[in-house]
Amino acid sequence: MENVLSILFCLTLLYLVITSRLKTYVSILRAQGVLLSAIMVFPFLHHLSVHILIIPLMSLVIKAIVIPRFINKIIIDLDVHRIVEPSIQPFNFLLLIVASMSTIFVAAHVLSGYTPIEPIPFASAFSAIVTGIFLIIFRKKLIIHVIGFLILENGIFLFGTSVAAEMPTIVELGSMLDVFVVVFLMGIAINKISSTFAKQDVTVLGRLKD
Amino acid sequence: MIQYLFLIGCILLLIGAIAALLIRPVKQALFFVVVINVLALVVNLIFALMRLIALPAVTDLFPVFPDNASLFRADGLALFFLLVITAVAVPTIISAYTYLQHYLHKEASVRSFLTSFSLLLLSTQVVVFVNHSILFLVFWELMTLTAYLGMLLEKEKEEVQKGSFVYFATMHMATFILYIFFFLLHDHFGSWLFSDYHLSLTTGTIFYLVCGFGFLGFGIKAGFMPMHFWLPWAHPIAPAPLSAFLSGVIIKTGIYGIFRVIEFCSPLPVWMGIAILVLSVFSAIFGVWYALAQHDIKKLLAYHSIENIGIIGIGIGLGVLGVTYSVQSLVWLGFGGALFHIFNHAIFKTLLFLGSGVICNNCHTRDIEKMGGIVHHASWFVALFLIGSIAISGIPPLNGFMSEFLIYKGFFNASASLGNYFPLLMLLLAVGLAFVGGLALVCFTKINSIMFLGTERSKLQSFIVSRSEYTALGILASLCILFGIYPQSLLGIISSVITFNHAGIILQPYKMFTHWEFLTVIFACVLLTIVCMILWKKFNTQQRISQAWGCGYTPLTPRMQYTASSYADEINSISSHMLHLEKDVTAPKTLFPQQSHFISHSDDFSEKKFIAPIYRYIINKIDTFELLSRTDIRFYITFMLIMAIIYGGIAIVWPH
Amino acid sequence: MSILLVLTVLPLLSIGVCYFVPSRKVQYIISLFAAIAHLVCSYLVFSGICIPAENDFIRFDALSKLFLLILSHVYFWVVLVSYSYLNRPLIVKEEKSKKLYFMMLNVYLFANTLALISNHLGMFWVAAETTTLSIAPLIYYYRDKESLEAMWKYLFLVSVGIAFAFIGFLFLALSAGGTALEGQQLLITSFTRSAAQLNPIWLKASFIFVFVGLSTKIGIAPMHPGDIDATSNAPSPVAALMSGSLRGTALMGVLRIYQIMVRTGTADFARTIMIIGGLFSLFVAFVFMFKVTNYKRMLAYSSIEHLGLITLGIGTGGIAFAGAMLHTVFNSLTKVVLFLTAGNIHRAYRSREVNSVWNVLQAMPWTGWLFLFGFFSIIAMPPFGIFFSELMIFQGLLTKPLLLAAVLFFLFFIFVGMSKTVFHMLYTAPSVEQTTIISEKFEITHFASLTLLVLLIALGLCMPAQLCDIVGQISKDFGIIL
Amino acid sequence: MAALIFQELLPFLFILGISPLLVGLINKQKALLSGRRGAPIRQPYYDLFRLSRKETIYASTASFISRLAPVVSFSAILVAGFMLPIGYMRPLLSFSGDIIVFAYLLGLARFFQILGAMDIGSSFEGMGAAREAAFAVFAEPIYFFTIGSLAFVSGYTSLYEVYLSIHLDNPSSLVFIIVSSISAFFLMVTECSRMPIDDPSTHLELTMIHEVMILDNSGIDLFLYQYSSYIKIMIYGIFEVLFFNPFSLQNQWLGFFLFVMLLLLLTTVVAWVETMTARLKIKSIPQYLLFATAIGILNLLIYTFVR
């Protein structure tokens, strides 16, 4: 069942690649948030308890509700709705992502041979990480960089759950809080940038150089 | 009691360094610092002499501090260098008193100069006693640093910035080389103490590595060609007392280091001794030849330091050969000549640099083409400067000749005692040295006659030489004469130093090697002839002053005089390619000649051919390197990814 | 336990105060008090006078003791000068950021302390991320385009980097698979104890990710640009804080993983990676020393150089490791001096461009001379401490002659490039239209710099026994017998 | 006893007494060779006597240097002269290493002559001094290649012993004598500024070296300069001639006689050369001297590779 969810997660990534509407990005973020918390809850489905549910709920709240809404707000403020001038053809981008995904899956399969990992969640987590990085690399809009960063974080989150490293609750919460604050600060920064530079785009950030 | 003297001297110097910053007004500070430094130096001079006369090695240099026994060691060589340093530093400080009077309006600069100079004196005196590698490096770097700070007296001048920087950078490089040198030694012996280092040829590569790095590192400091390029930069821009000290003492510390290297790795192989000889004669000849092409008095003197370092190097090379073949007489002549010349060069080069300081302050230029006729203002000063010039040209009856004489004797001795092809080599070296002597003669006749004699090329209202300057120059000049007429006074000490530092070799008394008394007689009679002739002239003739004979032309004008360029041109044009000599000539052409002139100047080959191109190459490469100077954040992320992949690749190909 | 309270809770309290009390003076006094208390406590811990309680999450080993002392030391001086710094009239815009200033400093102190004493990698991660968050608004202090860009770049780059580091930690957890540690907490102690059983593949992977990720924070090339921009555009005390302690904190994360790997066969791999990284940073510093036209960026590159040297030393091991540890100390202190004096210069000349600064030594003697001596210290002139630590590193490098040659080459040219810039600033005589004579009097920044320089000399000439012991202890923890 | 006194007096006789005569001889023979009657041989003495009574005129630009220079150079040359063995007699001053002292004493003389010339500040003296300096640079190398090489071979460092060490019984010695004497002749020509380096007889300033240097000296100074130039010729004559002395090692009186004969022969040779050759161009003099230096190297090569 976990594997199914992970596959779904991967699908969201692919969809993320082909779409060009920012709104869709946000909804994908939401979906991923839901999926992630589902994946977290799933193993304990039989013996649920408040203590276990805290983290999933928190992540649900932050990842699926707060952050997407916040980003939505930024998008509306800046009133950018679609990706103009993508610096890479969507098709090539898709090709790239698919290629890397498949490599990751193969690699994961190979690794699972002699280390105890479940290949599918592992691989999908990594695909998410890679996709996030590629989003940052191949898109110019700062807001999409933020989204890419979030995808990356989601990937890591999934990875964490799949590896099932016991994190103390406080640490989990701390990490999630951190992510949130980071995004928050980034949002403020983007606002500032678009107000100072009249264009919220990496190309404007070229003053500091040697 | 004696062992406290050095400590007292050092403390006094420290007091001077601090006092320079505190005492107000700056005039008082200057006076106080000069006095206290002279005091300290005299104390240390006494210390050095007393130790040298009764020469066992002393380890407890700072008796009040516990267990410094292993850190410091006052052996013969160290004490000899202390003698040199103090003997030179006293007059330097004395004349610095007047020199700095010209800069009193720049209070901060004067204060910093005084402080750094006192600290320079301190570190230079301590560094020769250090027995511990790291401590040695510390004082070595302190020496560099304080000398650098001293150069900043006129830091707002462009050339001062450039020159001091070249000095600083070069010294830094030399220190890096010395790091490796000491690390290698420590690696091999597992100890930081000089006294534990004794390499022999059997150790193989480490021996050659140590020698290589040692000679390179110290050679840069000493200014052997082709590592000399920093001297013509540093000496001209330094204040006269400092450049005197630089040329008199600081570069000698490089020689000190070379002596230590020879001590660590002995016996050196024969080819190394020969290499030292060849390199040294090379530096001697080209040093003096470049000097001949200069018109900046201080730059010219700087090149002469290179020449004299070359001569010292020849002595060292002979000594090395002597050690290798265990020919005691050669050891004595070589090392003895080197040490003696170190002392002599320190004396007369300081004399000349201090004199040049006086000249620069009065004429407000360093270009000798603009001077002339100074003798009519200050004939005593000229006489003193002349003594220095005669001494440095290695002409009897002054001290410069004496050390060269020893080295010549070394040549003869080597060719007689070493046999096979050595006579050929030695003859060539001797001829080289003779050639150097001839060129030096030309060079110093040039500067003396162009600067002092004839008539003034540019108006010179007054030429003031203060009392302190006369004292300083007087001391040095009288030392020149003393060691010329009565060299035994120093040779006794030197031979005991050599006997001490090359233990095992029991040396015959130095009198064996030449009839010094006989020499003394000759020089005495030369002087005697001069004196009696002068008297005779006094009584004998009636004199008349008249206009110079102009061959029927209108009386001479200052612009008719020979210039330095044209004076040196005859000899320089022989090797104009090697000197990178550039001439700018417009000869008088028509029947009624128009404006015509002749200027020549030469560039340093090692700077022009090696240093500058390499540096420029690197800078160009850097300028064209654009990969990492991107501003787009996406590149940074890409770099991250790439590095992760690269490291991952390494991890995959990693053996286990 | 009381020590622990002082170290962590006191900053929290002063955060609260700074949040609610508008008066800057009060904020300053409170923060200064916190800083002093922190300094005292960390010194007590350092010198082993009182041994604080430890548990699974909090641990005071030699490494954290050393870094803690560095942190509180740097922090103390920074806070000390901050008030006078804030009172400088410069731009109106920054009034807003002045409100945040002290609070953020305290957040930084809290987070950084936590990061240093944490024994749990997850906790370390959270704390490290928090330091970034606390620094980011301070970078934006001047509220101009440059600082905004710098802030964005730093924030984004470091966040991604930290995320990488987190992946690394997860790999570490993964490497425990199939051993007694499976599913256990990411406690450094336990992992170090049973490092031998860990799966080497994942161990290597985790090191790679942690190293690459934290490089953005340490400033190991080529992940350095964000760092450079931030350090050069932040107000000088903050820049000093970053160069002095933040980089060290990030380095600590790498060291922790390395500490685990030392016990295994993968140690050589980690060393190689670190040597590569260090050499690369030296190279970058060497290249950019000649390109920079902005003296604060120059200082930033010099921190890149020194952190690279430290990493190199750690990677080399042996005496070089101890040298690197000492180097962290001396480098931090020197950087504080340099950045504070550079701040004075910036205030006086209203520009960070080298070409619009001239004749500092005449115009502002105190600052000028202190800056000059700071420069001498940073290029490892005796009797400053760095000279000795660099010597130790070189000595360790002697086993790899080519590497040593490369390092010396880079260092020499870095020295050349840097001194060209510095000397230009200090000596160049003013041309006709640019004659500023700024009469300056002895300020608190001068006091701070002077004390630090004296401290550096003292540490260089006679190294305190405790420092030696601690360094020796650290080396022992990393399996190095001196 | 008488022989001993004679030995002690001989140097004074030769160096101080006969040296003007040598120049007289040269000039006389020159005149005869060029078909003139010429001045009497005693002429140099008359000149010296005349000069010694004349008043001395100093240029207004002259300083103490030009008062000092003639004296120093004279006495230096004089002392140098006392180091040379006359014929087969031990010289007044002889000690190991006097080879070097000899060369450097002449250097001292040169130093002061040049300074004395430059002291006036006239362009003529300047020119002369510059040329003198430039050409004198080669004098010492040549000197070391000739007598020095002998010294290096024989291992002696005193002129007297070096000359003694020339034996005919080793074949290479003959080569030595020939080569050394040739380059020694060049040395003499250079140092005493005779043809083809310099023309002592003309008074066209631009073509002269030595004469133009003393252009502004008169009276006692000129006396000293002239006298020292005579002594110099004598010195270099002896220096040259002594290479041939070993032909008469059997008997020292015979040797002395031969020595005198050789001196006379030398004067003839000089006179002949001066009549036959023309003065070299100033520019081409360095090559000439370099050649003279170069052939000196032959000695050592021969020694090293024949051995």
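Here the chain labels run A, B, C and D in written order, and each chain numbers its own residues starting at 1.
One rule holds in what follows: a contact is a pair of C-beta atoms (placed from the backbone, for glycine too) under 8 Å apart; a residue touches a chain by one contact, two chains touch by 3 or more.
None of these values were measured; they are calculated from a predicted model.
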item: Touch-network distance, chain A to chain C, counted in steps; value: 1
item: Pair of chains with maximal C-beta contact number; value: B-D
item: Chain centre separation (chain A, chain D; CA means) in Å; value: 102
item: Mean-CA-position distance for chain D and chain C (Å); value: 79
item: Chain A and chain B, separation of their C-alpha mean positions in angstrom; value: 70
item: Length of the line joining the C-alpha centres of chain B and chain C, rounded to whole Å; value: 44
item: Residue list for chain B, restricted to those that touch at least two other chains; value: 629-630, 633, 637
item: Sequence positions of chain C contacting 2 or more other chains; value: 152-153, 156, 160, 288, 291
item: Chain A residues counted as touching two or more neighbouring chains; value: 133, 136, 145, 205, 207-208, 210
item: Every chain pair in contact, whichever chains are involved; value: A-B, A-C, B-C, B-D
item: Chain B-touching residues of chain C, taken from the complex the two chains share; value: 152-153, 156-157, 160-161, 164, 200, 204-205, 208-209, 211-213, 215-216, 221-223, 225-226, 265, 269, 272-273, 276, 284, 286-288, 290-291, 359, 361-362, 365, 376, 379, 381-383, 387-388, 391, 394-395, 398, 404, 408, 411-413, 415-416, 419-420, 423, 426-429
item: Touching residues on chain B, where the partner in the complex is chain C; value: 108, 134, 137-138, 141-142, 145, 152, 155-157, 161, 165, 168-169, 172-173, 176, 179-180, 183-184, 186-187, 618-619, 622-623, 625, 628-630, 633, 636-637, 639-640, 643-644, 647-648, 650-651, 654, 656
item: Residues on chain D engaged by chain B in the complex (per definition of touch); value: 52, 55-65, 67-68, 71-72, 74-76, 78-79, 93, 95-97, 100-101, 103-105, 107-108, 110-111, 114-115, 118-124, 126-127, 129-131, 133-134, 136-141, 143-145, 148-149, 151-153, 155, 157, 205, 215-216, 219-220, 224, 286, 300-301, 303-304
item: Chain C-touching residues of chain A, taken from the complex the two chains share; value: 111, 115-117, 129, 133, 136, 142, 145, 149, 152-153, 156, 159-160, 163-168, 171, 174-175, 178, 181-182, 185-186, 189, 192-193, 196-197, 205, 207-208, 210
item: Partner chain A, residues of chain B touching it in the complex; value: 629-634, 637-638, 641
